[in-house]
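Letters A, B, C, D, E and F name the chains as they come in the text, with residue numbers starting at 1 for each one.
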Amino acid sequence: MGEPEIRAAVEETAVQIAEMEIRGAATIADAAARALERQATESDAEGAEAFRREMRAAARRLLDTRPTAVSLPNSLRYVLGRMDGDSVESLRASTVAGAREFRARLETAQDDLGAIGANRLQDGDTVLFHCHSTDVLSCIEAAVERGTSLEAIVKETRPRKQGHITARELRELGVPVTLIVDGAAGRYLDESDHVFVGADSVTADGAVVNKIGTRPLAVTARERDTPVVVAAQTLKLDPTTLSGHTVEIEMRDEREVVGDDERVEIGEITVENPAFDVTPPRYVDAIVTERGQFPPESIVFLMRELFGEQSTRPWEDGS
Amino acid sequence: MGEPEIRAAVEETAVQIAEMEIRGAATIADAAARALERQATESDAEGAEAFRREMRAAARRLLDTRPTAVSLPNSLRYVLGRMDGDSVESLRASTVAGAREFRARLETAQDDLGAIGANRLQDGDTVLFHCHSTDVLSCIEAAVERGTSLEAIVKETRPRKQGHITARELRELGVPVTLIVDGAAGRYLDESDHVFVGADSVTADGAVVNKIGTRPLAVTARERDTPVVVAAQTLKLDPTTLSGHTVEIEMRDEREVVGDDERVEIGEITVENPAFDVTPPRYVDAIVTERGQFPPESIVFLMRELFGEQSTRPWEDGS
Amino acid sequence: MGEPEIRAAVEETAVQIAEMEIRGAATIADAAARALERQATESDAEGAEAFRREMRAAARRLLDTRPTAVSLPNSLRYVLGRMDGDSVESLRASTVAGAREFRARLETAQDDLGAIGANRLQDGDTVLFHCHSTDVLSCIEAAVERGTSLEAIVKETRPRKQGHITARELRELGVPVTLIVDGAAGRYLDESDHVFVGADSVTADGAVVNKIGTRPLAVTARERDTPVVVAAQTLKLDPTTLSGHTVEIEMRDEREVVGDDERVEIGEITVENPAFDVTPPRYVDAIVTERGQFPPESIVFLMRELFGEQSTRPWEDGS
Amino acid sequence: MGEPEIRAAVEETAVQIAEMEIRGAATIADAAARALERQATESDAEGAEAFRREMRAAARRLLDTRPTAVSLPNSLRYVLGRMDGDSVESLRASTVAGAREFRARLETAQDDLGAIGANRLQDGDTVLFHCHSTDVLSCIEAAVERGTSLEAIVKETRPRKQGHITARELRELGVPVTLIVDGAAGRYLDESDHVFVGADSVTADGAVVNKIGTRPLAVTARERDTPVVVAAQTLKLDPTTLSGHTVEIEMRDEREVVGDDERVEIGEITVENPAFDVTPPRYVDAIVTERGQFPPESIVFLMRELFGEQSTRPWEDGS
Amino acid sequence: MGEPEIRAAVEETAVQIAEMEIRGAATIADAAARALERQATESDAEGAEAFRREMRAAARRLLDTRPTAVSLPNSLRYVLGRMDGDSVESLRASTVAGAREFRARLETAQDDLGAIGANRLQDGDTVLFHCHSTDVLSCIEAAVERGTSLEAIVKETRPRKQGHITARELRELGVPVTLIVDGAAGRYLDESDHVFVGADSVTADGAVVNKIGTRPLAVTARERDTPVVVAAQTLKLDPTTLSGHTVEIEMRDEREVVGDDERVEIGEITVENPAFDVTPPRYVDAIVTERGQFPPESIVFLMRELFGEQSTRPWEDGS
Amino acid sequence: MGEPEIRAAVEETAVQIAEMEIRGAATIADAAARALERQATESDAEGAEAFRREMRAAARRLLDTRPTAVSLPNSLRYVLGRMDGDSVESLRASTVAGAREFRARLETAQDDLGAIGANRLQDGDTVLFHCHSTDVLSCIEAAVERGTSLEAIVKETRPRKQGHITARELRELGVPVTLIVDGAAGRYLDESDHVFVGADSVTADGAVVNKIGTRPLAVTARERDTPVVVAAQTLKLDPTTLSGHTVEIEMRDEREVVGDDERVEIGEITVENPAFDVTPPRYVDAIVTERGQFPPESIVFLMRELFGEQSTRPWEDGS
C-alpha cells in the first residue's frame, strides 16, 4: 500500500500557511477547511479506507505547517469529525458538508461575537486596548454601528507595535484614539471603563494566552478595579488542555526587540522575545465568544461541549 | 536700588542647564552650587544686604531654568542655608564654604549609597532593571567590585529606551545582560531576586516618582513577592511635599512615542507621553540612600532631619 | 387585521403590577403566569395564528409594566415557551399547562432553596443580613425548623431600612437579632460566620445585582474571610446577560434619602439614590438556588440549561 | 417480613473497613463494590422486591462503617444505581455488571488522572508536596515514565508525617527529594514550580477538603504566584454538597500530636487534632481528575454530570 | 491638708464640657487650657507645692468630664508641662504662658493643616466625604480660597447624619454636592479622586479611630485605588497608645439607630451603636496635620516628638 | 607589641557561649557585658592605648563565639561605646559603668516590654503563639498579673517543638492552653484575637527574622485580619541592616527534622532545616519593645536613635 495521495490544492495551501501568506487564526482555519474540501472532492481513492487514509494524510500535511497554532487543528478536527459513511461517496459528501458548515460558521462567528461584546459597552465609555485583535475590533465595530460613542486608549504593544494597527482601524471606525507606550497603561486605567484584549488561545483551566504584556495589564487593571474582557472565538479554545497539556510560549526573533545598530552599541547581550504570556482566570472578568460570554473559570464546559472530554486527533492513523 | 548683579558664571550655568548641556540630577545640583560659589567669590556688593540680594537673585536665575526639578532647589537650599554673617566678607566666606561642603558631600553620596545598596545583593542574584539610574548602577558597581556575581534582566524602557544605556553599562561592569521589552517583565520576575529602580523624586508620603512604567512593574513584582528597591540619593527627596504639595508629572514630546512616518500611517490621533508615574509606598520594599536604607513610609523623617519641618525658599526676598 | 384582543384579567394584572400592588419578584412572576393562563382560557381567537398573536400581545402588555425586572420576562418566557400546537385548542391546552407548571414550580422553588441554604448553617452560627429577601429568610426558616440555633446581625439598609422587615421576621422565627447601622457591618463581621444576601438578578459573568451596599459588604467580608452566600431562585437569573447585555441600575426617588425638611436645611444639592450595586463573583462564595448551590463563576451553565444559549423574546411578533 | 439477609462476604468486608484493614479511598470503594457483587451473586431472595431490600441493607451495612467517607457512598451509589429489572435474575445481572463496571473504571481512573496531571509538568520542574496522595503520586509516576526530570520538596506533614511516605515513594521513582518541616514551606515555594496536593473530598462550591495544613500552604503559594494543583479522582467529589451540605471535619486522637511523656511534662492542656482543612477555590489553580482538569469553580458541573442534580441515597428504603 | 481649692471658672467649664455645651475636640481643648489659666491666675495658694496641688486637682476635675477624649488630656499635658518654678509667682506665670501658648497654637493649627491638605487637591477634583470634620473642611476651604474648583460626594453617615452638616458647609463654600446613602459609597469611589476623613484619635501603631463606617470606606477605596487622606490636628494623637494602650470604642444610645415607634414595630431586638471604628494604617495614604503630612506608619515619631516616649499624667499626685 | 592579654573570665564566658551553656539573646548579652567588666576590672594594661587594645581583643573573642547573633554585638557596642578617657583609670571606670548600666537596663527592659504588650490585651482575648519567646511571655505574665483573663492557642513549632515550652509556661501562669500542630494554625486564627511572636532580629527595612513558620503564620493571619504583634527588646534590632546588610539564615542540624531510624526507612534524601524565616513589615501590625510600640516600618528610626546612622564596630583596631 503506497503513500496516500495528497491533492495539489492541499499542498499549495500548506505552503502558503507555512510561508505566512495565509495568516491570522480565522484565515488559516478557513483555508485548511477549504483544502480538505478540495481533497475530498478531487480524491480518486478506490475504497472507503483509502479515502480515509488520504484525508488523514492531507490533514497531517496541513498541521505540520504550524504545529503550535490552535485554530488549525480545531478546523481539521471539525471537518474530519463530520466525515462519515461506508462508501467513498458518502465519505466525500459528509466531508464536503462538514467543511462548508465549518466555513459558514466561521463567517458568522466573528459577527456574533462582536454583537455580544458590543453589549458590554455603554455610550461614553473609554476602552483600553493591547495589541491587535480582529475579535476585539469586531466588538467595537458593532458598538459603533449601533451609535455607541466610545473613546480609545491604545498601548503601542512592543516589540511589533501592533497597537498602531489597532489605532488606525479604530480611527477608520471614527473612534478618537490616544496612543501611549506600554509602561503608561497604569496611569490611563483610571480613565478607562474596560480593558479589551484578544487571545492567542484559551486553556481548560481558564487561562488566557495572549500577546506579551497582557498579564501585567490585567494585574494592574484589577488593582484599579477596571474590568478585563477577552474577546475570543471558540476557535481559540485549545482542547488539548482539557487533558492537562500546557501551552508552549513561542520565542520570536530578537531583532524585533533590538535593531542591529542598537545591538552593536550595547555590546554582547542576550535578547529574549517571548511572543505571549499567560493570564490566570482570576484577572479576567469575562471571555466573550460567539456562543455568549463566560467567566473564564467556566470556559472548560464550553470546550467539552464543543470538543468532547478529550481532544481527538482524527488525523492519526488508526483513530 | 537697581537690580542685583548676577555674575556671568551664573548666567552661563543657567543657560547650560536650560539647554540641557548640563543634565542629570546630581550634575545640575553640582553646577548650581559651583555657580553660587562663583557669584559669592566675584560679587562686588557693597554691603551685607546687597550681597544677600545678589545671592538670592542668582539662585532665582538658576531655579528658573528647570522649575520642576528637585535636586536644583535642594542644592540652592543647602548653599543659601549656610550663608551667614553680618559683613560681606563673612557672608562670602560662609557661602563659599557651604557650596564646597555641598559639592564634597555630593561626590561621596553616590559611593556611599552604592556601598549600602550592594549589601542587599548576594552572590548569584539576578536583578531586574527599569530605565537608567546612576544611583542604581552605583549599587551594582559596588557589588561587582566586591566580587559578587550578578545577572541582569533589563527592560528596554520605552519610549526613550534608556534600558539600552543600562544594558551597556552593566556589560562594562561584566554583568551578563538579558534585554526584554517592557511588557515581558512579568515573566522574568519569576527568575529575578530583586527589582532595582532609581527615582526622579521621593515624596513625604513615601511615594516614588520615577520613569513611566515603574508602578506597574512594582505592582507585578509584589504579586510575585519579588522585593523592589529604590536607589535614590537624599538629593531626590522633595521637601515641598512635607506640606502636601504634589508632584507635577511632565508630559514630554509625542515624537518620542511615534515617529512622523508612523504618524502619517496611523492617521489623526492623540499621543500622550507622561515622563513619570507615582508608585505608592506599599509596593516598595526599601529606599536606599547614602544615609542608609529606609522603608518608604519612614522617609518623611529623613526629610525632616535634612530640610526641617517645612521646605524653605531662601531665594525669596524677605526670607 | 385588528389589534389582538387582550382580556380584562391581563389588563387588571398589568395595572396592579405597574402600581406596585403586586410586587416582589416571585409574586409578579406568579401573577403574570396566571394572567397568561386567563388570556389563554378566555381567548376567542378563531385560528392558531390569531391565538398566538393574542398571547404575545398579552405578554407584551405585562412586560411593559416593569421593563427592567427579571422575573417577569422569565415567567413569560416559560409560559410562551410551552405554548405548542396547530389548533387553538392544542395551543390553549399547552399554554394553560405551561402556566400551571410554572406556578407549581414557583411554589416549591423557595422551599427547595431554603432547604439547601439551611444545609450551610451550623448550630450556634451567627449570620449577618443586608436588606430583606424572602429567599434568604426561607433558608433561615428551614434551619430553624430543623432546630438549628442561630443568631442574627441585621444591617438597617438605608435608605428604605428593609433591615427592619428582616429583623421583625427573624424575631417571628425566634432568632435573636442585633440591629446595626450599615457602616458598622465591618465590626460585626468578626462575630459572623456567614453573610446571607438575596439578589435582584444574577448575570452570566457571575455578578450579583442586589440592594445598594451589597458590594462593600462583600468586599469587607472577604477581608475578614467571612463567606458570602447569595440566595436566589433561578427566576433571578437574567438570560439576556448571556449575550453580554449589562444590567441597568435603577435610580430611585431622592426623597428616600433626604426628607423635604432636611433638604431645605442643607440647601441646593444633588441627591443620588441608586437602588442596586453589582458584586463581582470573586467576592461571593456560593449562590444557593432551588436547583442546588453553585460558585458564581459557574452559574452561566445553569442559565444555559434553563434558557438556552440565547435568551428568547417569544413575545415578539415573528418569533 | 424479616430482616433482609446480608451475606457473609459483605459482613466481612464491613468489618475490615471498620477496623481499617481496608483503607484508602479507592481501596474502600473497590471493596464495597465487590461486596455488593457478592451479595447479588449469592442472594437467594425470592422476589424482585426482596432482592432490592437485601441489596439496600447490604449497602447500609457497608456505609455504617465509615459514615463520613466520600468514596464509599459514591461506590454504593454507582452499583445500586445500575441495579435494574423486574426479576431477581435481571436485578442480579445488572447489579453484578454495575459492580464490575465500577471496579474496572476505578482501575483505570488513577492512571488516566496521572497521565493528565503529568501533562502539567515540564522537564526540570520542582514540585512541592504536602501529605501523601496516591493520585498525586500517579501524576509524578506518569511524568517520570515519560522521562520528565523532576525535583521534589516534601513537607513532613505533622502530626502523622505522611510526608515521609511521599518522600520514600518519590525516591523509589528516582526523584531527588528535599524534606522540610511544615513551617518551612513558604521559603521553598520560591524554588517550586508547582504545589501538588490530593483531596479527601471536593465540594460543589469548589472547596477542597484535604489534610490539615493544605489551606495555609495554598494561601502562601498564591502570595508567591506558585500554582496549586489538586489531584483527585471523581470518586472524591461529594455529591451531598450539591444541596448545600457541608463537610464535617474529623477530630483525631490527640496522641498523634503529643506523646504521653510530653504530655506529662507540659501539664494540663487541651490538644486539638483536626484531620483536615478546607481550601476555598480562589487558592486552587486546577483540579486534575481522570475526566480532565477543571478550575475548582466549575467542578460542580462535573458533579452534576456524574451524580445528577441531587445526590441520591439508593440504600434507603423506599428510594 | 485639705482638698485643693478649685476655682469657679474651672468648675463651670467642667460642667459645660460634661453637658456637651462645649464640644468638638479643639473647642474642648481650648476651654480646658483657658480654665487652667483662670485657675492659675485666681489661685491664692500659699506655697509652690500648694499651687501645684491646686493645678493638678483642677486638671483632674476637667479630665473627669470626658474620660475617653484625647484632646482634653493633651491640652492638660501641654499646660501643666510648662508649669515651672520654685515660687507661686513663677509657677503662675509659667502656667499662664503655657496656656496662652497652647491656645495660640490651637488657633493657627487648623489653618496650617488646611493649607497643607489643600495642597493635595487639584483643580477639577472630586472628593468623597464621610461624617463631619472641621479639619477636613479646613482643607477644602483653603483650596476653594485659592480658586481650586472641586466637587463633593457626601455620605450621609448614619446614624446621626453628620453628612448633612458637611453638605451644608460645602454648599456655603460654593462646592457642588451630591448626597448619597452610606452603602452607595463604593459606586461613587470610581468618580472620586480622594477620600477625605477626619479622626477621633490616631494611635501609635498608625491606626485611625474615626466615625463608624470609616474602615469599610477605606477598604473599598483601596480596592479602587482611590487615596484616603485623614485630616487630624496633632491634638488627636493619643500618646497613651505609645505604651500599647488601646482605644475604647464608645457605644452610643440606641435611639440614634431606631426610633421608639420603629422599635415597637420590629419587636424585641438588641440594637448596637458603636460610635467609631478603627482603620489600620495599610488603608490610609496620608495623615495631614498642622505639622505636615505623614504616612500613618510614621506618625509614632511625631507623637514621640510632641509627647516624649511615654505619655505623662502630670495631673496625678506625685508625678 | 605582643597580643593583648584576655582575662580568664572572658575566655570562660566565650567558651560557655560557644558551647551554648549560656544561651538566649538576653542572657548572652548580659554575660558578655559582665565579661567586659571583668576584663576592665582585672586589666593590668600599662597605658590607655594598651587598655583599649585589650578591651577590643576581649570583645572580638566574645564576638567570635556566635558570629551571626544580634544581641552579642549590641552588648559589646554599648559597653565599648561608653569606654572613654585618657588614662587607664578613667577608661576602666567608664567601661565598668557602661557595663553595669547596660546590665541594669537589660534587667528592666523585659518587664517594661511586658507592661506595654499587656496593654494590647483585653479581658477574654484568645492569643495564638508560635515558638517560645521570653519577651512574648513577659507580655502575657504582665496581663495575667493585672487580672486579664486570657486563653492560648499554641503551635507546637516543629522541628524543636518549642511550643511545648510555651504551653508549659502559660500553664504555670494559669492560662488555659490548646496545643495544635503547625498546619492547623489557619483554622484557629478565626478564634484568635491576636498572634504574638518574638523575634530573632529586626531589620532596618522593618522585616522580622524569627523562627521558621512565622511568615506563613503572619500571611494567613492577615487573610483573616487577625493582628500580628512582635515582642522584641531593642537588643534584637540589628544595626548592621541600617546600611543594607541582610540577615543570614542559619541552617541547623537535619537530625532535628528526621531521626536516624526514620531516615533509614525513607532512603537517600536531602533534609533542609532553616532556623528562621523573614516576615516583611506589611504582615506585622506592631513591634512591641521596651521603648514603646512601633509599626514595623518606623523601627528604623528607633534603630538610629539607639545606634546612630551606621552601626559601629568598636572592637576593630583603629576604630
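Keep in mind that, in the parts below, contacts are C-beta pairs under 8 Å (C-beta built on N, C-alpha and C of every residue); 3 or more make two chains touch, one makes a residue touch a chain.
Everything quoted here is computed from the prediction, not taken from an experiment.
**Q** Tell me, which chains sit next to both chain B and chain D?
**A** Output, common partners of chain B and chain D: A, F.
**Q** Considering only chains that satisfy the touch condition with chain A, which of them also satisfy it with chain E?
**A** Under the touch definition, chain A and chain E have B, C as mutual neighbours.
**Q** Give the chain pair, either E-F or A-B, that is connected by more C-beta contacts.
**A** A-B
**Q** What is the distance, in whole Å, between the centres of chain A and chain F, each centre taken as the mean of its C-alpha atoms?
**A** 58
**Q** How many Å are there between the centre of chain B and the centre of chain F, using C-alpha atoms for each centre?
**A** 38
**Q** Rounded to a whole Å, what is the gap between the Cα centroids of chain C and chain E?
**A** 45
**Q** Got the chain B residues that touch at least 2 other chains?
**A** 223, 282, 295-298, 301, in rising order.
**Q** According to the definition already given, which pairs of chains are in contact?
**A** Touching chain pairs, listed by label, come out as A-B, A-C, A-D, A-E, B-D, B-E, B-F, C-D, C-E, C-F, D-F, E-F.
**Q** What residues on chain F touch chain C, complex-wise?
**A** It comes out as residues 190, 223-225.
**Q** Report the residues of chain A in contact with chain D in the complex, numbered from low to high.
**A** These residues of chain A touch chain D: 204-206, 241-246, 280-282, 295-298, 300-301, 304, 309-310.
**Q** Going by the contact rule set out above, which residues of chain D touch chain F in the complex?
**A** 154, 156-159, 161, 164, 167-168, 171-172, 176-188, 211-217, 219-220, 223, 257-258, 262, 265-274, 277
**Q** In the complex of these two chains, what residues of chain D are touching chain A?
**A** Spelled out, the residues of chain D in touch with chain A are 115-120, 122, 282, 285-286, 288, 291-298, 301.
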